[in-house]
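One chain, chain A, links the two complexes that follow: it is found with chain B in the first and with chain C in the second.
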Partner chain A sequence: MTVVASIVFYVAAAIAILGGIGVVSARSPMYSGLSLILTLSQLAVLFLLLGAQFIAAAQILIYAGAVMVLFLFVIALLGVEAYPFLGRHLPGQRPLSVALAAILLAGVIFFVAENPRAITGAHSTVLQSGGNVEVFGRQLFTSFFFPFELTAPLLIVAMIGAVALSRSRRGDTNA
Partner chain B sequence: MNLTPGPEHFLVLGAILFTLGVIGVLTRRDPLIIFMSIELMLNSVNLTFATFSQQLGSADGQVFVFIVMTVAAAEVVVGLALIVSIFQTRQQIDVDELDQMSG
Partner chain C sequence: MSAWIDIIVESVIKSIVVILFLLAGFGYITLWERQILGRLQTRYGPIRVGPLGLFQPLADGLKLLLKEQISPRNVKLGIYLSAPALSLFVALMAFAIIPVGPPIYLFGKWRDLALANVNIGLLYLLAILSLGVYGIVLGAWSSANRYSLLGGLRSGAQMISYELALGLALLAVVLLAGTLSPMGIVEAQHRPGMTWFVFLQPIGFFLLVVGGFAETNRAPFDLVEAEQELIGGYFTEYGGMRWGLFMMAEYMNMMTVSALVATLFLGGWVGIGTGIIWNVTTAPWRQLIGVAWFLLKMGLFIFFYIWVRATLPRIRYDQLMEFGWKILLPLAVVNLLLTALFVSLS
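Up next, the complex of A and B:
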């Protein structure tokens, strides 16, 4: 990687981690959501660094665009004030969960550090030749055609489910 | 130590983001924030997929990312509808209070 790419990586990674900390530690769900948008947009930059241009565009359009707008809309709809910071926890829940998460992180980092060869497979030039979107589209519509088609009924089912859930019930007094 | 970002840097970043998501799910009581933490975890896995895809020179990992994004979008739609529906009937939502289905 070039020097510029390295700098971009470290800046994007730092902002992404800060955003992740914000998601977890913000008191209000609104700030959590805005931090998540920050993280997701930086992940799009990282996807670009990885040569996944289509995924980077989809990340911005689907996640930072559609999904997070839905999130922020629901947060605004339900009202931020409606959430007191609920302090009731299981005994020792917070330190215990942080400790368990630290063990998880240490395990993954240990694996990555121990097996540097396991993650550097044969370099091929498939992605470099003919542009990323073309290769991606060819894979999507040949090898992964059936999963791709299955996303259509999945989205339909999700849409119908959401409409059925949010429809006010008949005879509901507080509709 | 090699400071030029290689695949292991991306993988460690993905691990850090995933761990942050785990901490969010384990410590927070607000279902919306738990939900956003799950999104964070899904995205960290997407980053890992894209890293391996680039490393192996194959677009398969990127197709996986695409599928994960689709499933996550469907999940968000249904999950948020559920949260809104619960909120309409309960007026307050703390995941510890939602225990009607426990035996």
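Up next, the complex of A and C:
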């Protein structure tokens, strides 16, 4: 089991990293988007390895299935390929992004070194309790109830924002 | 280690059976569809190739394989070639969790008649169905054809819109059954005090049927490939077996949705002569009756698909969006709330 699991892990992780490189290096936004889908789907495999089937399914369903479809939709509809701003960068974007990525990597390494079981720790408990949807649901509605409810106003704010933005712009063109 | 080999052999055999079943089903559903459409329009349909036209799918397949493969200039070749394969891949994957019969006792072990019996079954199915749109959108985009692109965009918008109502309809079923596993849902329909969910969840049934038509891009929701306006929609630039793969994916999705309806709402494999509780004493042939019942229910629903295609005209795009967001989605939410109320009270 562990041998098979490690093989699957390394393959999935390698593809995920390749996808990540593809996201930032692809010249066409369409290929960036496709690479992102690749990465997201491989993350779902990693979740499966951790015994988090629900999260894996949700990852595919929401990120790969819904969010990225909308991304590709917009890219295809706008024909972003032709836009001139693509080559341009913010001032100091490259060094800044390298620095931020280094900080993020250092944080992850520090976290794992400090607490090696933190990533795989919940694995056995979830598996032992039988169903993982049940465990997830119970956690969501007890320990994490407050942050869970907080996402509701967050989403509503985002929706109102989107409507307000599109409204005001339409008003401008009419006037 | 032998347990591992057992699992692998079992999975491989099941996969081959499922794939062959879906391929044969594809061929003969196309024949069946053309013959039924013919009868419904008072003509014969294809009956000349072989007895009763039974060799027609073989002739069609051969024709598609032998056709010259043309790739238009300006297509994004990699994506253009992989889009039909992606569609088919997703369609094949979706069927994996459908239980076609009760567990069978074979070679010293109970074996599920589903490729995978996972406890997140329905979520898996929703996730896979939601990936189905990629083959279409990518094929459309990479074709470098405006008609294709329009068809692909319509499809993307349509599938995302109807997925919501579909998902909420399935959630109500899950609430009622108390499990996400399709096998568990079949069992739940035959617990004392329960009956087929088509009677307990008529709104959910309606939502799944309508949503299923939309997700598979079948008439009356086939404006993705509306030939009068879009030539062929997303597959305008595809020919031969590449086009054939898109068709296969569509018909396999139809089979999956029909199987889903049979499993979730029509009691799955249970029927006269199968018994409800299976145990070691049950002879294997009784389990095969279960498979026959399942195929019958699935076939009835496929017939319904074809019947609807012959009956209803295609709806307009604005009607499609209005129907999805203003009627189906609120209906699904109300249905979910009512079901939750019912479950918590009983």
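Definition applied: the second predicted complex is superposed on the first by the 120 of 175 C-alpha atoms of A that agree within 3 Å, B and C clash if a C-alpha of one lies under 4 Å from a C-alpha of the other, contacts with A are read in each partner's own complex, and residues count from 1 in each chain.
Criterion: a contact is a pair of C-beta atoms (placed from the backbone, for glycine too) under 8 Å apart; a residue touches a chain by one contact, two chains touch by 3 or more.
All values derive from a computational prediction rather than experimental measurement.
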Partner chain in contact with A:Tyr10 - chain B first, chain C second, else both or neither: first
Chain B versus chain C as contact partner of A:Leu77, first or second or both or neither: both
Contacts of A:Pro29 with chain B and chain C, given as first, second, both or neither: first
Chain B versus chain C as contact partner of A:Leu154, first or second or both or neither: first
Touched partner set for A:Leu38, first chain B, second chain C, both or neither: neither
Partner chain(s) touched by A:Val69 [first = chain B, second = chain C, both, neither]: second
First (chain B), second (chain C), both or neither touched by A:Ala58: both
Between chain B and chain C, more extensive residue contact with chain A: B
Chain A positions touched by chain B in one structure and by chain C in the second: 54, 58, 66, 70, 77, 132
Residues of chain B touching chain A in the complex: 3-13, 15-24, 26-30, 32-33, 35-37, 39-40, 43, 46-47, 50-60, 62-63, 65-67, 69-78, 80-85, 87-88, 91-92, 94, 96
Residues of chain A touching chain B in the complex: 1, 5-6, 9-10, 13, 16-17, 20-21, 23-24, 26, 29, 32-33, 36, 39-40, 43, 46-47, 49-52, 54-55, 58-59, 62-63, 66-67, 70-71, 74-75, 77-78, 82-83, 86, 88-89, 93-94, 97-98, 100-102, 104-105, 108-109, 112-113, 116, 119-128, 132, 135-136, 138-140, 143-144, 147-148, 151, 154-155, 157-159, 161-162, 165-166, 174
Contact footprint of chain A on chain C as seen in their complex: 76, 79, 118-120, 123-124, 126-128, 130-131, 133-134, 137-138, 140-141, 149, 152-153, 156-157, 159-160, 163, 180
Interface residues, chain A side, partner chain C - complex: 30, 34, 37, 53-54, 57-58, 60-61, 64-66, 69-70, 72-73, 76-77, 131-133
